[in-house]
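First subunit A sits with subunit B, and in the next complex the same chain sits with subunit C.
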Partner chain A sequence: MASFNENAIKNIFCEVLGIPADEVTDTLAYNSCAQWDSLKHLQLVAMFEEKFEIEIDMDDIIAMENYGKIKEILHKYLT
Partner chain B sequence: MNFVDYLFEHVPDPQKECILSRGGTLTYRDLISQVDGLAGYLAGILGTGKECLLLSENIPFFVIAYLAIIKSGNTALLVETQIADKQLVSLFHECHIGAVLVQKKYLAKIPDHVTAITEDILPVLTSVKKYESSAVNDDDVAVVIFTSGSTGAKKGVMLTHRNLRANTGSIVEYLGLTPDDRICATLPFLYCYGASLLHTHLRAGGSIVLSNNIFLGGALRDIKTFSCTGFAGVPSTYQILVTKTPFLREELPSLRYMQQAGGQLPNKYIRQIAEAFPEKQFFVMYGATEATARMSYLPPALVLTKLGSVGKGIPGVTLEVLNEKGDPVKPGEAGEIIARGDNIMKGYYGDPEETQSVIKDHRLFTGDIATVDEDGYIFIVGRAKNIIKSGGYRISPNEIEEFICSLDNVAGCVVLGLPDEIMGEAVVAVVQPGDIPEASLREEILTQCRQHLPSYKVPRSLYFVKEFPLNASNKVDRQVIAASLRSGLKEKGVHEK
Partner chain C sequence: MQIMQFMGAGIDNYLYRLQGATGQILENLMQDIGIGTDIEEIRRFENFRDRAVAAFLEKNFTREEREYCLSKDAPAPHLAARFAGKEAIIKAISSLNIPRIFYPDIEILNNERGVPCVRINTEHCEKLCIKLSLSHSSGMALAFCIIIREV
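Right, the complex of A and B next:
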């Protein structure tokens, strides 16, 4: 398991969704972001699991609906 | 008869719940009154016989707008919400679009000079009185579904009121749908499979749960919360549920049956699901947009004894598998699946040549290659067309190849679908680089693809080669490339199905 690193999370997030880092805020949400679809979400989860060597529970995968929640949930796994 | 009148021919109780979601519920009365309101509005501004573009996710607005367009005697043009801006612009050039109905979230995709109707119009229209459907002929086009063709250009499949009625009635019959049925719908209604869920449950007087979740696991919660009796998925739906969620350990007591279409689900998943849910019916089915949706199904009792078969033709559809001479194949021999029935499309939008190449003598030449066993059950073994099926999407390799080849420093490119545990097939690009370091070219290609292609078309992996292998006719040999990639993946310990 890797340690919590916000930069690494943001890099993965930007790489998968193809959006610039300066557009990422905690409130950036699945429901309003056109690039963030369920397919991208699956890729995001796969990348987090691979890079951080963790396995994310289904309820957490469903709860990761904005960038702030993603950080909060990954923090739980990485500390 | 207008297709919408057919759908609402046997409305059970107007107070009955019809469209359900976590955001709220529409009863049959609510739905019909909103459809009437919008249909009357559209007929007022357009008349009939016009084309209306509809771009929306599975929200109540989609259902209302879709039915209102058809009920007003106009034609619904359905495009995916992820459509590339360039393709949308070309649709505006090629089609005669009289009105645009779009979910607010996607308003930015619509060209500035076009006036669009969004979900905001609905509250204003609810007080409008009953709208009598516009008279239509059975062979008038009710809907055009745009899908990827093998050349990469979007092909519009024109479906008539007759097509939709025939296929809907047939599916209701073989699935045994009743007013008690409630489907958990995760598939987009703007493709034929999703649309068939909507059509069949309205016709049967059942109900539809709009299950829009960030992750498919949410559908399991929706099945329980809303006591759904049915669930529908493409191969990747079931592959994701089996590999990434507790699906196989769930009880899901309300669920009577599951249905699967949209490509071949590997046998091991069919077996796992059938064995995990012995009390529930699992329908393996086969279809195409060109056939409205459905062409065959395997009776659930045979799911394990005829494992991997797509069954036989559904009621009203005749399927034949013919060899190159045009004769029915013998057991074990492969041939092309050819379909006949009232569900076969009118043709491709604006493309009579392509229409003639697939519909001959009222028969649809599917391009799917199959064998038939001694009991007459059909097993699909391949596709004649160069199409990748990934995550339920039909993807043209040519389109992605052309895009990548248009980039600087790319000398050549071949795009393939390789077996994938989750997506059915994964999109893989093999690139012949120009004079530039591979690492920077890799980054550039992926960045450009992410910006300009819908997410499902972005290659999962990129490989570089100095030269492409050629076949006897000096064409790039895709099979050799695919085989060497597959063996390369095996060496790295990645196991395919």
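Right, the complex of A and C next:
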């Protein structure tokens, strides 16, 4: 299992969603970001799992509703 | 004349009660029927060899589903239709207030006549009759699902 690395999270987030890093804020949310739909959400989860060698619970996958929440949930797995 | 009025009232009463009973049956029936639909852009599945998409497929499609789709000359429409199918099934199941299931628990494979058959590998779903229809054009894949809870 890798350690918590906020830059790596943001890089994956930007790469999968195709969003510039300077547009990513903690409040950037699933339901207000056109690029962030269910398919991209699952790709994000798959990339996080692969990169950090973790398996994310279904409840946490559903709870990842904004970027801040993603960091919070991944922090739980990586510490 | 009075007899005719009496009979008319009787028929009205009968029809009224029949309507009430039918309404109740339909109401009960509707509580055991779930529907779901989804539409996906096929182009988003064309880069299935990219890291993010490949990781996503590995995580959310069963081995048999991946083998089936990737055996095709053009896998993308098959991958898109299956993903739309999984989304439609999840929506239909949610409308029945059944605890949420997740993509890898759903397997969609075609039978010998090409009809998509659904298997759900989780509890709470044993008594569900699931009918799924998949379709695609050159650009989009679509799925429609009806689920009947067997009582």
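Methods note: the second predicted complex is superposed on the first by the 79 of 79 C-alpha atoms of A that agree within 3 Å, B and C clash if a C-alpha of one lies under 4 Å from a C-alpha of the other, contacts with A are read in each partner's own complex, and residues count from 1 in each chain.
Just so it is clear, a contact is a pair of C-beta atoms (placed from the backbone, for glycine too) under 8 Å apart; a residue touches a chain by one contact, two chains touch by 3 or more.
What you see is a predicted model, and the numbers here were worked out from it, not measured in a lab.
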Exercise. Will subunit C clash with subunit B on subunit A after the two structures are superposed, or do they fit?
Worked result: clash
For this session: Classify the contacts of A:65 with the two partner chains as first (subunit B alone), second (subunit C alone), both, or neither.
Result: first
For this session: Once the structures are superposed on A, label A:54 by its partner contacts, choosing first (subunit B), second (subunit C), both or neither.
Result: neither
For this session: Answer with first, second, both or neither: which of subunit B and subunit C does A:42 touch in the superposed model?
Result: both
Problem set entry | Which superposed partner A:34 touches (first subunit B, second subunit C, both, neither) | first
For this session: Give one of first, second, both or neither to describe whether A:14 is in contact with subunit B, with subunit C, with both, or with none.
Result: neither
Exercise. So, does A:78 touch the first partner subunit B, the second partner subunit C, both, or neither?
Worked result: neither
Exercise. In the superposed model, does subunit B or subunit C contact more residues of subunit A?
Worked result: B
Exercise. Of the two partner chains, subunit B (first) and subunit C (second), which one does A:24 touch, if any: first, second, both, or neither?
Worked result: neither
Problem set entry | Shared subunit A surface residues [contacts with subunit B and with subunit C] | 38-39, 42-43, 45, 58, 61-62
Seminar exercise, completed: So, in the complex, the side of subunit A touching subunit B is made of residues 17-18, 30-32, 34-35, 37-43, 45, 58-59, 61-62, 64-65
Seminar exercise, completed: Listed in rising order, subunit C residues that touch subunit A in their complex are 40, 44, 51-53, 55-56, 58-60, 83, 87, 100, 102-103
Seminar exercise, completed: subunit B contacts subunit A in the complex at 82, 105-106, 108, 213-218, 221, 240, 244-246, 391, 422, 447, 450-451, 455-456
Problem set entry | In the complex with subunit C, residue positions of subunit A that touch it | 15-16, 38-39, 42-47, 49-50, 58, 61-62
